[in-house]
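Order as written gives the chain letters A, B and C; numbering starts at 1 within each chain.
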Amino acid sequence: MARPFHTYNGPFKVKDLANKLGLSYEGDGEKSLHDVNTLTSATGDELTFLDNVKYSEFLTTTAAGAVICHPKFADKIPQGMTVFFSEMPYVDYARVLTLFYPQQGSGKVHPAAVVDETAKLGEGVTIGAGAYIGAGVVIGDRTVVEANATITHAHIGTDCIIHSGAVIGGDGFGFAFDGKQVLKVPQVGMVQMGDRCEIGACTTVDRGSLENTVIESDVKIDNLVQVAHNVKIGQGSQIVSQTGIAGSTKLGKGVIIGGQSGVVGHIELADGVMIAARSGVTKTLTTKGTYAGFPAVEFRTWKKLQAAISRLAKSKGKS
Amino acid sequence: MARPFHTYNGPFKVKDLANKLGLSYEGDGEKSLHDVNTLTSATGDELTFLDNVKYSEFLTTTAAGAVICHPKFADKIPQGMTVFFSEMPYVDYARVLTLFYPQQGSGKVHPAAVVDETAKLGEGVTIGAGAYIGAGVVIGDRTVVEANATITHAHIGTDCIIHSGAVIGGDGFGFAFDGKQVLKVPQVGMVQMGDRCEIGACTTVDRGSLENTVIESDVKIDNLVQVAHNVKIGQGSQIVSQTGIAGSTKLGKGVIIGGQSGVVGHIELADGVMIAARSGVTKTLTTKGTYAGFPAVEFRTWKKLQAAISRLAKSKGKS
Amino acid sequence: MARPFHTYNGPFKVKDLANKLGLSYEGDGEKSLHDVNTLTSATGDELTFLDNVKYSEFLTTTAAGAVICHPKFADKIPQGMTVFFSEMPYVDYARVLTLFYPQQGSGKVHPAAVVDETAKLGEGVTIGAGAYIGAGVVIGDRTVVEANATITHAHIGTDCIIHSGAVIGGDGFGFAFDGKQVLKVPQVGMVQMGDRCEIGACTTVDRGSLENTVIESDVKIDNLVQVAHNVKIGQGSQIVSQTGIAGSTKLGKGVIIGGQSGVVGHIELADGVMIAARSGVTKTLTTKGTYAGFPAVEFRTWKKLQAAISRLAKSKGKS
């Protein structure tokens, strides 16, 4: 079996998938599809999809039994191939995969999980082995906490996924030096997380110092990301792996930050700001758009700068 | 209740706080203060503080019942406001928060913690659920090990805090290639940590290969930091999130390293060296001062370089 | 006792070590060696080694009872010192340390480990306290999983070491936006790991989305590294701490990546490619060699660029 780790709900007939997805199709509606696979690996009883134009050449050679693709590729589809037409092939690929492999958690607390007796779990919450849910924590319905995650000082919404090794609600990094010794500044806020959020493996979200660290609904955070105390991340934002957001910074809605980036503390990023990977954002960005570099500047400026630097390397070294 | 997760020792009368903190005050000594909050959020029965000049405008509009501030702002304080005068408002804010919300651990080993029978725990040590204290580990009095932290091959001092997900005493990354295969170099040293240290969530401190990895007293390390084998970090140093210190490097006392920085192996940083965020230090730094960039240079040089690069972006692209 | 945390198999006589290592020696074959230490710390009953030319001065001052060194240093060895001659002193240092301190795991599953009843463990597998081995996971003979590591959706080979806090087989970061909401893309692949691999503390290796994430044999990965979904890492590659490899990227055999580097998704690095620390690789590299910078270029080009940038800082700021 190709997918040993997942609950399998297939196979599906082509006509039934089309019905469930609300898509039109051409070809053999009675054909039974057993799995989903890539254009180059799919076999005759598997479904595949074309999302990226640069892979369209594989349409003519794929051995897949059926393909989800945009109507604009209709003329490239080999004769006899069964095809689902979709305006958003990647979205429908996600939806069909969810039909084959349903994604909900078990809805159970593993016997080796540790849930403090004062924590409140909603309906159908899944807690993995070794996960720790601390005193007073509230977790919304259907949220999944994977094995060995740690949640303290937090209210988590519904339908969230907290991955293994993540630490939500730890102490922020705050110290005061009195001239003789370093005093710890108590961190008496919490983490307030909305619904449908995802927090990656070994990602750390510190609790607030006085006010709360806030992760709004639909925020998706990848692995090994640092979210410092008092940060606010607006709805639908996505933060890619190994990025760090320093204390008290506020991200608007739909902000996207590429991997290994850093954002300094006490600034604001406007709704819809996109930050390229490995950037360092040092100032408030008030305008939606794409930014890159360290210090981060508008993408267009950064491209010019990169070109200028590249020319430097080719110069003869006369200044 | 605004602070659901913390043991609460308040309220306090103004005159009693002044007494405990050793501060003078003006205003209503009988006023009862129920909590501490920011200048913009504090209500009439809450205490706030002014530390940063740029927030001084909020002094005139805050609804707080009392404020801790420096005497130099005396003339900006609205008539009738109760005020504590402090030479170090941020320090006294930390102290007052500690009065409201005492910070010591429970002093208990959680039933779901795993402490090897050969480990030695001091008086009042707190070990969280799922934390693992390996064979032979020694932990000093009052140290707190949070849930799901892992400590092996280490001696930890008193009054330390090891946060969730931290891994202390893991194998260093050492291999020898014999021309055919990669041999593991045994890592037979340990981690020696002083008193009052703090190690952040998901931070990794590898044990020494032959000699020890040493974290001196009062060192504060943020989340997701990598400390490689044989590193020595001098007393009172602070390392911000996602920084990495490569093998055998020695940091002096009071070294401060900004977030997402890297320091190569086998070098030394002098006492009092400060490294700006996202810097890469490639050479020994023998002089106290601030450094930035990759390769890191004196801050003044780096500023010049940044200005020169910035001009490049504005040039017409003729080389 | 200098090494409180390790099983000790010594002492050894010089002649016996020479025999076991297959090395020639000069000096007192009956001398008993009790431990291994650095050139500067070793005492008269300890063995040391000289690997790096720059430490050769210490040969004349070391108090060690014996030294492993290359024959080319024969004339620098003080009279009367016992010496093992080795073509590869660092390799023989690793071998001798392994004799003194055998490195195999206990071969036991700790009572506080959680192993799903459908997981399959080979012979002599060691699983630490709090580690979680999920449903269907397969782990090869003699592999060691340290405390609080998490393994799901994975097949792991023989003789691997998975360090504490590592998360193998977590969800990849994949989402599809349908114009209204962000849909999770199910991640139905797994992690396929070969033999003799090492995965560092708090390192995350995501499972594949459709195909598998593949870590070939003899791959060594340091702490806090991110390996995204569908990545393939070729045999014998080494990835240093805090590096990130984005989705679907393929590394050839023997690729070495320095710390805090990043590699974008959907590219390929040829066999034998070396990437300097803190580099950002943005394009496929088809030729063996060393690369550095962001965007990463050939090392020679990068050196020129660094020199040009350095001159910029010294220029008068006229553009």
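As a convention for this text, contacts are C-beta pairs under 8 Å (C-beta built on N, C-alpha and C of every residue); 3 or more make two chains touch, one makes a residue touch a chain.
Values in this document were obtained by computation on a predicted structure and should not be read as measured data.
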For the copies chain A and chain B, the interface residues, called same if over half of the numbers are used by both and different if under half, are different
Rounding to the nearest 5 degrees, give the angle of the rotation that lays the CA atoms of chain A over those of chain C.
120
Express in whole angstrom the distance between the two chain centres, defined as the mean CA positions of chain A and chain B.
28
What parts of chain C, by residue number, touch at least two of the other chains?
130, 148, 165, 202, 224, 242, 309, 312, 315
Please give the residue numbers of chain B that touch chain A in the complex, ascending.
3-6, 36-38, 41, 88, 90-91, 93-95, 97-98, 100-101, 103, 110, 112, 128-130, 146-148, 161, 163-165, 196, 198, 200-202, 218, 220, 222-224, 236, 238, 240-242, 259-260, 277-278, 306, 309, 312-313, 315, 317, 319
Where on chain B is chain C touching in the complex?
114, 130, 132, 134-136, 148, 150, 152-153, 165-167, 169-171, 173-179, 181-186, 188-190, 202, 204, 206-207, 210-211, 224, 226, 228, 242, 244, 246, 262, 264, 280, 294-295, 297, 301-302, 304-305, 307-309, 311-312, 314-315
